[in-house]
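Okay, so chain A shows up in both of these, paired with chain B first and chain C after.
Showing the complex of A and B:
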């Protein structure tokens, strides 16, 4: 029987993630372009993934779009919310996971996943998007570093400088005033991560935390945030190396399941 | 064949006529009032005193696209953007004395009743100072029990009687108690017919698109003491009954899912919030907001009690029970909770209401941020993502139930 290739594309607010699954299990190719909806990102991610897999668009059994830009992505066979896709993807990448925390570029979500990997219920951040990926980018800029360096700085922290403001703009001012006091920048990074953790843990507690807990989305790559969240929730958090691709993985898997009937 | 105009047209025309009547009365030199939405309208209707409703104006201005402009103007006057957007629109109108979307005649007196909103007292006190007009308040104590007891009835009744005396002095019009009995009787016809109409939402499919409630309820608020309103609501209920009999609905498309919509509509984003649901086959079949504008009683004391059963005046347990009963009766598959940033009462307990509602009904729920008339609090993408995920969960549950 011929192999079935399904593609999932997660068009986020700040990044575009694309992934091709072979027969619903094996990753044939994936790509991540740091440009989201409304940019060249989705098209580049699609082209790069197809190229890496050595496939043409017409050879795909299904294309499933998800993410913030899912409705504007042209050529999708299926359009599915990122909530369902992250649940599916997380369950496949971290078998048995029941609670998924997904922090993306501009929102944070906590999902309850059924033992079969289905989305049971979810909560998202309210009107304020503080504590999301964009929040960390703003803070990294103030600290004159790159967001990818934050985890390493956090690891070397000896203390935690508390950041109490939940508003990104106010927190930025607070960080600047702490810098003016010459506090250790690594302790400040730990404080920034703790503020994200407190906010996200509040959302998780409202939903109810059922172990095992896993994390997806770009912020899951930041081990400092993951550590702070583990401390806040008093529970270990699993993170897949593919965490940022979990939505695209779930979308590709959704397409495969649909094709399989 | 019924040659009458459809009830929704009759209701719209009646709403326009009631508004025009107030303008005409003002023109004749009669005293006109501004009135809170759940004030006992029996008093003013029986006395023939025209009143207009700033809350309805706030909703209409929001729906017609003027909410942000008016709110921003009020904020420029010094009012906080945390205040209710209806009040901000009203404060802006009070200062500007004009509004391109809708205007109402300026008041000679104010009638406030806090059963719909306790913060409204401050809104109306402020108006009384700004406009230098008398304010009459009927204070309905928050109901911390499931029923309204005799002491509360006595307390409300005393204010009711005092309000009549004050209005007689302000307007020069006398209360005719036979006419009051007649208005009470007409109001019962209207309320019962309106409840019968919205009660048909329990049919499968519901005979109408649930968002129609948000349009038709205006008359339930401003004109339920009139014979024309009673006739129109009875006609509306009959029309729905006929649709149920034929298995038809005014909802466009197949009614795949049925939801409870919690809270006031996002008037500024009404079309988007509706279309997002309708395009996914989701019909609103439960809401406690529309039916809130009906009051059932058989005598004056019961009237007092009825006005303390306005949902926002009830204890949490009673409010929760109303929603759970409504959801179960109308067989909903899910619920959409509007975190209405304008309304401190509604948003204050919303998370807990959502949690207990979900646990008691077992249906999936979502919460979205918005506002009744300030579009700056609403995000289309955030709303759409939540609705999509809710749809996917409801779809999955239907599949599992069918297996």
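Showing the complex of A and C:
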């Protein structure tokens, strides 16, 4: 029987992720372009993934779009919400996971996944960048560092400088005033991570936390945030190396399941 | 189908331009009184020969109002105040302001200061303990006081017989609204969520007798339509307002029909009739003790949750959509116990936050799409 290739594309607010699954299990190719909806990002992610897999668009059994820009992506066979796709993807990447915390560029969500990997219920953050990837970017800029350096700085922290968890703008000025006091930047980073954790844990508790807990989305790559969140929730958190691609993975899997009937 | 569409369009046009209704009434020499939610005794305005004009906020950006209210007050009050400050409501002879939530408590003072004597305020107080005899008596006495102020504006005394006649007009309108709501639930393919909402909401800007006539014609036309199968989802809504055009469009895009509601602007206002009593004002006060399902009402046993769940079961809904008015604390307080009751009953419930000043609905779209995906599974 011929192999079935399905593609999932997760058009986010700040990044575009694309992934091709072979027969619903094996990753044939994937790509991540740091440009989201309304940019060349989705097109580039699609082209790059097809190229890496050595496939043409016509050879795909299904294309499923998800993410913030899913409705503007042309050529999708299926359009599915990022919540359902993240649940599917997380359950495949972290088998048995029941609670998924997804922190992306602009929003944070907490999902309850059924033992079979289906989305059961969810909560999304309100319209505020606090506790999201954007929040960390703003903080990194104030600290004159790159967001990718934050985890390492946190690792070396000796203490935690408390930072407000309610608003990006207030938190930014708090960070600036702490800098003026000459506090250790690494302790400040730990404080920033703790503030993200407090906010996200609040969202998770509102939904109810059922173990095991897993994390997806770009912020899952930041071990400092993961550690702070584990402490806040008092529970271990699994993170897949493919965490950022969970939505695209779920979308590709959705297409495969649809084609399989 | 054509008649259904024609009538729905007519009512939608009223909703799209309430100001035209106000202008037409004023041009006809009829005085109009603004009615802020909730449970203001509209029947008394009507009995005095004036047109009650509903004030449920508007889809607009409020700027001026922020001089009087902080940003974290619901848009309903911000936008009504904004319209007042801009002079858009100057044709009203008065505005009735109930004081039934913390945000409404300051509204009258803000209005008096910002809008001034151009549109005088009639404060409407009703008893929190709305069911007990002393509460009913308090509400009755307050409504009598309101009647006195309305008489002064109308320039004429209002007899009990006139109030009784007005109550009859309102009860007929409520019956027509209930019949329409039931007919719309049976014909989701013919009455979209947008059309359903507009048909109900139009009543706040029209003469109720005229609204009843249109609704009855609509219900009859719907009954004459051939049966059609509905493959989409069926939800029951709850909240203060569910009239956001963007939100209703998202429901339509996802093939979701509203088959019943517990919305303050919708069924909560027409589910219970005014009892016919010797003192018609007492009947209006008694009605307040019988209404359930609204967060501004004193409801220690959370009858709201029980009623909502019963409704969802009765109309065979796939789930409940809580349209949460942003910054509405009475709604947020109710959400927790009612959500728990829905969970215990095994009925999926999604809360989506909506704000009349909101321009980006993408998060609401994602949430509703995901909810629909869960329900369809």
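By definition in this document, the second predicted complex is superposed on the first by the 260 of 261 C-alpha atoms of A that agree within 3 Å, B and C clash if a C-alpha of one lies under 4 Å from a C-alpha of the other, contacts with A are read in each partner's own complex, and residues count from 1 in each chain.
Operating definition for what follows: a residue touches a chain if its C-beta (ideal position, glycine included) is under 8 Å from a C-beta of that chain, and two chains touch if they have at least 3 such contacts.
These numbers were taken from a predicted model, which means no experiment stands behind them.
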item: When chain B and chain C are modelled together on chain A, clash or fit; value: clash
item: First (chain B), second (chain C), both or neither touched by A:73; value: neither
item: Which superposed partner A:83 touches (first chain B, second chain C, both, neither); value: both
item: Partner chain(s) touched by A:122 [first = chain B, second = chain C, both, neither]; value: both
item: First, second, both or neither for A:249, with chain B first and chain C second; value: neither
item: Partner chain in contact with A:107 - chain B first, chain C second, else both or neither; value: both
item: Contacts of A:5 with chain B and chain C, given as first, second, both or neither; value: neither
item: Partner chain(s) touched by A:135 [first = chain B, second = chain C, both, neither]; value: neither
item: Touching both chain B and chain C, residues of chain A; value: 68, 71, 80-84, 107, 118-122, 124, 126-127
item: Chain B to chain A touching residues, read off their complex; value: 339, 341, 351, 355, 358, 364-365, 367, 369, 377, 379, 381-382, 384-386, 388-389, 392-393, 396
item: Chain A residues within the chain C interface of the complex; value: 68, 71, 80-84, 107, 118-122, 124, 126-127
item: Chain C - residues contacting chain A, complex; value: 348, 353, 360, 362-363, 365-367, 369-370, 373-374, 377
item: Chain A to chain B touching residues, read off their complex; value: 68, 71, 80-84, 107, 118-124, 126-127, 206
